[in-house]
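Dropping the structures in below, format is structure tokens.
Here chain A shows up in two complexes: once beside chain B, once beside chain C.
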Partner chain A sequence: MMQVRTRRLVQALGGPLAAIVLTLALGFVLVAAITDQPIEAYRELLFANFDSLGNFALFLNRATPLTLIALGVIFSFRAGIFNVGGEGQLYAGAISATVVGVYLSGLTPFLLLPLSILAGVIAGGILGWIPGVLKVRLAVDEVVTTLMLNIITLLATSYLANGVIRDRSSYGAVSRMVPQSIWLPSIPWVPQATSGFIVAVLLAVATWVVLFRTEWGAELRAAGTNLRFAQAVGVPAARRIIASMWIAGGLAGLAGALYVLGIGHRFEQNFSPAYGLVGLTCALLARIHPIGALATALFYAMMLNGAAYMQIETDVPRSLVNLLTGLLVLFMTARLRAAPREA
Partner chain B sequence: MTALQLTQLLQSVLAQSTPILLSALAAMITLRANILNVAVEGMMLVAAFTAIAVGGLTGSVWLALACAVVAAIVMSQLLALLTLRFGADFIVAGLGINLLASGGTLFMLEYFYNTPGGLRPIAFPDIWHIPAGALSFVPILGPAFEGQSLIVLLGLLAIPACHVFLYRTPTGANLRAAGEEEHAARAAGIRVGRMKALSVGISGLLSGLAGAQLAMDRLHFFLPDMTSGRGFVGLAATLFGAGEPWLTAGASLLFGFFGALGDRLQAFNLPSEFVLMLPYLAAILGLTFARWRIHLLSRPARVAEEAA
Partner chain C sequence: MADPEILLKLEGIAKNFGEKQALARVDLEIRRGEVHVICGENGAGKSTLMNILAGIHAPDAGTITLDGRIVAIPDPVAASRLGIGMVHQHFALVPSMTVAENLFLGRQLLRFGIFCDRGAMIARTRELIEQYNFRLDPEAAVRTLSVGQRQRVEILKALAFDASILILDEPTAVLTPPEVDELIEVIDGLRRRGRTILFITHKLREVKAVSDRVTIIRQGRSIATHRTSDVSEADMARDMVGRDVFLAGRKRGVARHFGEPVLRLSGVVMNNAAGKRLLDDICFEVLAGEVLGIAGVDGNGQTELSEAIAGLMPIQAGTISLDGRDVTAVGVGDRQQAGLGFIPEDRLDRGLSTVMSVAENVAATNYRRSGLLKGGFVSQERLQRFAGARIAEFDVRGAKPETPAGWLSGGNMQKLVIAREMERDPRLLLVCQPTRGLDIGAAEFVHSRILAAADRGRAVLLVSSELSEIFALSDRIGVMYSGRLMRILDRAEASEENVGQLMNGGGQEAA
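After this line comes the complex of A and B, so read on.
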């Protein structure tokens, strides 16, 4: 029993580790080609996050939305839905939490904080539900609907942030602040690190339990692995798939709400460096396993923040990380051996 | 509306539509081979960057155009190689192409040009435009075409070209067969992989023209992420146009019209964001409606039940 468990753990961690090592090696070759201090650049990229408590806090803050979005993606992919709508669901969650926080600021914090988070979760959930229900009832391609809903949501939030809830006193598409009474506390021994990270870790464990240790999760995975078989043996597959999309959207919405309440304290139109797509990448790198996704999200947070330190200390531009991400996503799902079938 | 206003509106619709039209046709060609091409955006961006970089370096407009198109085709074949030969997922790899394009162009701006904000060559050659007055004998429509670039004309010519290719040539028929029923096509001796690679290649060619038009027509500069979602508007137009060349072209012109309208509506204080949303909403609704009709048609009859 113990051995099986260890082997599973190695399997869950082995895939992502291999992909990460490969990307880092490729990146090192690139860095070595363009700078004469590649070791220094890589030290900054990987370890500057741990140089100070402040850097470490920023690192945890970066990992929080990535983990939550990746967990959402895992729910939907396990149910067989190719959900690329993380970005839109994130934005919907962030803007809804902000709107509630800003407009109901008169409420007592004990009521306002849960209301604000709930608004974010529900808004994200609805954006997940629409493609889910269209897929299940009418077989509308979910890739298209989630992609299009991403852009629609970003345009809608841009409208709100540029006009309706804009903070006139500051520059750019930035909303008014949410009241300080509902800001999330920081992690006790790491000032400036949002406690949202603890929520993300707990939810990663919860996701694992729900998906792999409950009957409900088994049914959800059955619907994703073999829909017709699942239906034939009496699994309410349609309901499970729609529920998975509610949860996927809800988790991404929660990521947005926690970002606003814990990190940004307001909605900023460009707060996300493509968290949706990077979260999807983390989930896929981890072979859609929740604990593995926590690891890949931490890795990605390290890379994203490390790139900035690298740019300061060496002459390697930070967009190197964008380039590496592109390569990683491009090669991520490719198999090493050529397909044996005809080409 | 006076004739002059109509001409001006037509002119801006044409200018706004051309990149969308070309990217829509690019997405359409792969859609007919059963590939949802999300990488059009990235291929356009690479083409736009190449056009400006090469044009600024050599001063040759033809070289710039050719290199832009070639760069986009190279990206498309990279995508084809990874997905068709190495079994990568098309959506994930396509999004990877987009990330690679936006990250790679930004990296080159920062590393080679030291200008992360964008690339503006001091001198950039002008692409051929229809000279003023050349078409003034055609009322309203003629002046609207004057001053449009060569690529606008190529874009309009690409519509019938795509139609003829898909429906009147054996290769086009094979391509459609490969998209509609892969196994049957393979059994009939069609090289499905090669057909799909071809469709992705044509998609690269058209995306390359779209990107070149965006950068070379009037702007003569490159900005990071300057395609700003036009590839996805094109994808929306294709889905709304059900993968038919003329319907897709119609949808692109319609969405280009929304874009031109959006610029004008700002004067009336109507938020442009809502106008810009229309293509994406139209794509979702159009697709849903199409599926809904199929759903209704394939529903089992209720007659027996009611009679009983």
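After this line comes the complex of A and C, so read on.
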């Protein structure tokens, strides 16, 4: 039993690890071709994140929204819904948390903090719920609806940040700051690192438990893998699908709320460097497994931040990282199928 | 030294997939110009053997001798060069292209070395069709053809490139009975023209109809080769299963006693979105301890009937009651609570999730009833134990609790579905096409389970298009035609003739 488990673990990790090694090796050839300090560049890319506590904190901050969005994507994908609305749900969560934090700032922090987070979760959840209901009731394609909602949300929040809730005393399209009393504390021993990261780790474990260790999760996966089977064994599949989209949106919304409360402390127009898309990629690279998604989110965060250090220290442009992540996706998806199929 | 009569000889072929032994030792001799059937149960290794011949898998041991020479077949191209043509169960045709285009796909005849020579290809196709008397139009698009016709295109594809041995992998699995007869004619024609044919099947009737010789394979070993005319179906069945087979059935003439009605349908009507009547005023009862068989040609409303009873399709009028409780407006889960066990007609469609594990499939309706939850979470230990017990009880071969259900063979998947639904010992067992695609051993097992359920006082509604199955198991037989339940006959008054007549919509006046 234990041996089987270990072997499966090796099998599950072997592919991704090989893909990462291959990507980094190929990337090194590229870097060597464009700079005369390739080792230096690679050192910055991979290890600068751990040079100082400050860098390490930034690395964790980057990984937090990626992990949360990836977890949301995993819920929806496991239910068979191709939810690409992470970006919109993230913005909805961020702006709702901000509005509650700024406009109800008179409340006691003990009430305001949960209220602000809740607002973010609910806003993201609603944005997930809409495509879920449309999918189940009217068979509207969820890729279209989630993508459209991304654009609507991005533009709507831009409008709000540019006018309605704009902080006129500061430069740029940003809201006023939420009161310092509800800023999330940083992780002990790692100043500047948001404790949102701890929340993300806990939720990754919780997601795994819910999906793989509860009857509800089994029903959700049944609906996702074979809807007609799920119906035949009495699973209320429509309800499970809608619930999965609620959760998916809620987690992305939470990512937005935690970003505001823990990192940005205000809503900034276009604050996300495509976290929605990168989070989706993290989930897919982890083969929609929550613990794996935590790992891929950390890897992406390392690459994204490392690229910046690399650009500062050497003459290698940070866009190299786009190339590397592209290669990684290629190697992960083009992996050879080892098991022969037998009729 | 080599016997010139022997075209193909396999000696000691073995093949493992990981830890799983697919072929242990197969020896086989194919004579020039014969139709040779490879017969065995699902999972015996027939397909693996053929895939080795077709160059899809490489054997781990053994030799292949073709025309007196030892050959290696590293890939399908090599197989085709050696004159081995394979027709797979699932066709590899482009639906939008014509018969001729499909025939020459990838090896088109060219004019001036660049343009494809449509005229020549069509002419060559027509020649081939006439030569083998296949009755096909070379310019018809493949998507307009029936399954049987498509299969003939596949056979032509192999013949067009001078296959000296033609391998047909379970060719009848996809065909309707009249198409099977046509295929048997086609094979006869090929034999007369001196082609050598390897025919894979697990259906004994076909072996008798089509072959000169038959080799039985069991658990990866070749058991025996017989001249077909010298061997009976019962002998072949014994070779395949490895013991005497008793096809289960009710003894005739023994009075049986039934209890209260468990399922009652009255005036059930179902229309589709376009207003077409799918079920028309269906009324019947199934009593405790009774097997009611529903016969009929596929597509006469049996699927709709079973989905209506299971709660998967809404009905427009009438009532369905289970154990005296009206469940007309109640969902699937509640019907299961009320005592319904449902074995759907297509295990891949509604029966299983192929990517989920065996354990999760067999537990799907049983988490609560079988106590698999502990403090709100699924107890892995209990789930493993539960699944292991069901696997053992229902003899699901090749299954471990954690293997994906899709890795099992069809018969074993069916056992999994039955294991899940029987676990609750439901008051009403709704069983649809329970042995479709199953081999003898598995079918025997399934039938004995169904009869055992009835003997325990459960009501069984058996929907099947296999008449022999209906006759073997049922206490009463209902016949569906065009959405109507024509009549319900007692087993004693039912015969192949009167049921067959009802299945075609006739014989009402004979009532």
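Please note the rule applied: the second predicted complex is superposed on the first by the 311 of 343 C-alpha atoms of A that agree within 3 Å, B and C clash if a C-alpha of one lies under 4 Å from a C-alpha of the other, contacts with A are read in each partner's own complex, and residues count from 1 in each chain.
Throughout what follows, a contact is a pair of C-beta atoms (placed from the backbone, for glycine too) under 8 Å apart; a residue touches a chain by one contact, two chains touch by 3 or more.
Not measured: the values here are computed from a predicted model.
Contacts of A:52 after superposition: neither chain B nor chain C is touched.
With both structures placed on the common chain, the touch criterion links A:143 to chain B but leaves chain C unconnected. Touch criterion met: A:331 reaches chain B, while chain C stays clear of it. In the superposed model, A:320 makes contact with chain B only, not with chain C.
Of the two partner chains placed by superposition, only chain C is touched by A:222; chain B is not.
When both complexes are overlaid on chain A, the residue A:233 reaches chain C alone and has no touch with chain B. Touch criterion met: A:159 reaches chain B, while chain C stays clear of it. Residue by residue along chain A, chain B and chain C are tallied for touches, and B comes out ahead. Of the two partner chains placed around the shared chain by superposition, chain B is the only one that A:284 touches, whereas chain C remains out of contact. Across the two superposed structures, the residue set of chain A contacted by chain B and also by chain C is 339, 342-343.
Across the complex, chain A is touched by residues 17-18, 22, 47-48, 51, 57, 89, 169, 310, 312, 331-336, 342, 344, 349-356, 360, 363-365, 367-368, 373, 376-378, 380, 402, 420 of chain C.
Put simply, chain A touches chain B in their complex at residues 34, 82, 84, 134, 137-141, 143-145, 147-149, 151-152, 155-156, 158-159, 163, 274, 277, 280, 284, 317-336, 338-339, 341-343.
Residues 36, 38, 78-79, 82, 84-89, 91-93, 95-104, 106-107, 109-111, 116, 186, 191-194, 229, 232, 235-236, 239, 271, 273-274, 276-277, 280-281, 283-284, 287-288, 291-292, 295 of chain B touch chain A in their complex. Chain A contributes residues 4, 209, 213-215, 218, 221-222, 225-226, 228-236, 339-340, 342-343 to its touches with chain C in the complex.
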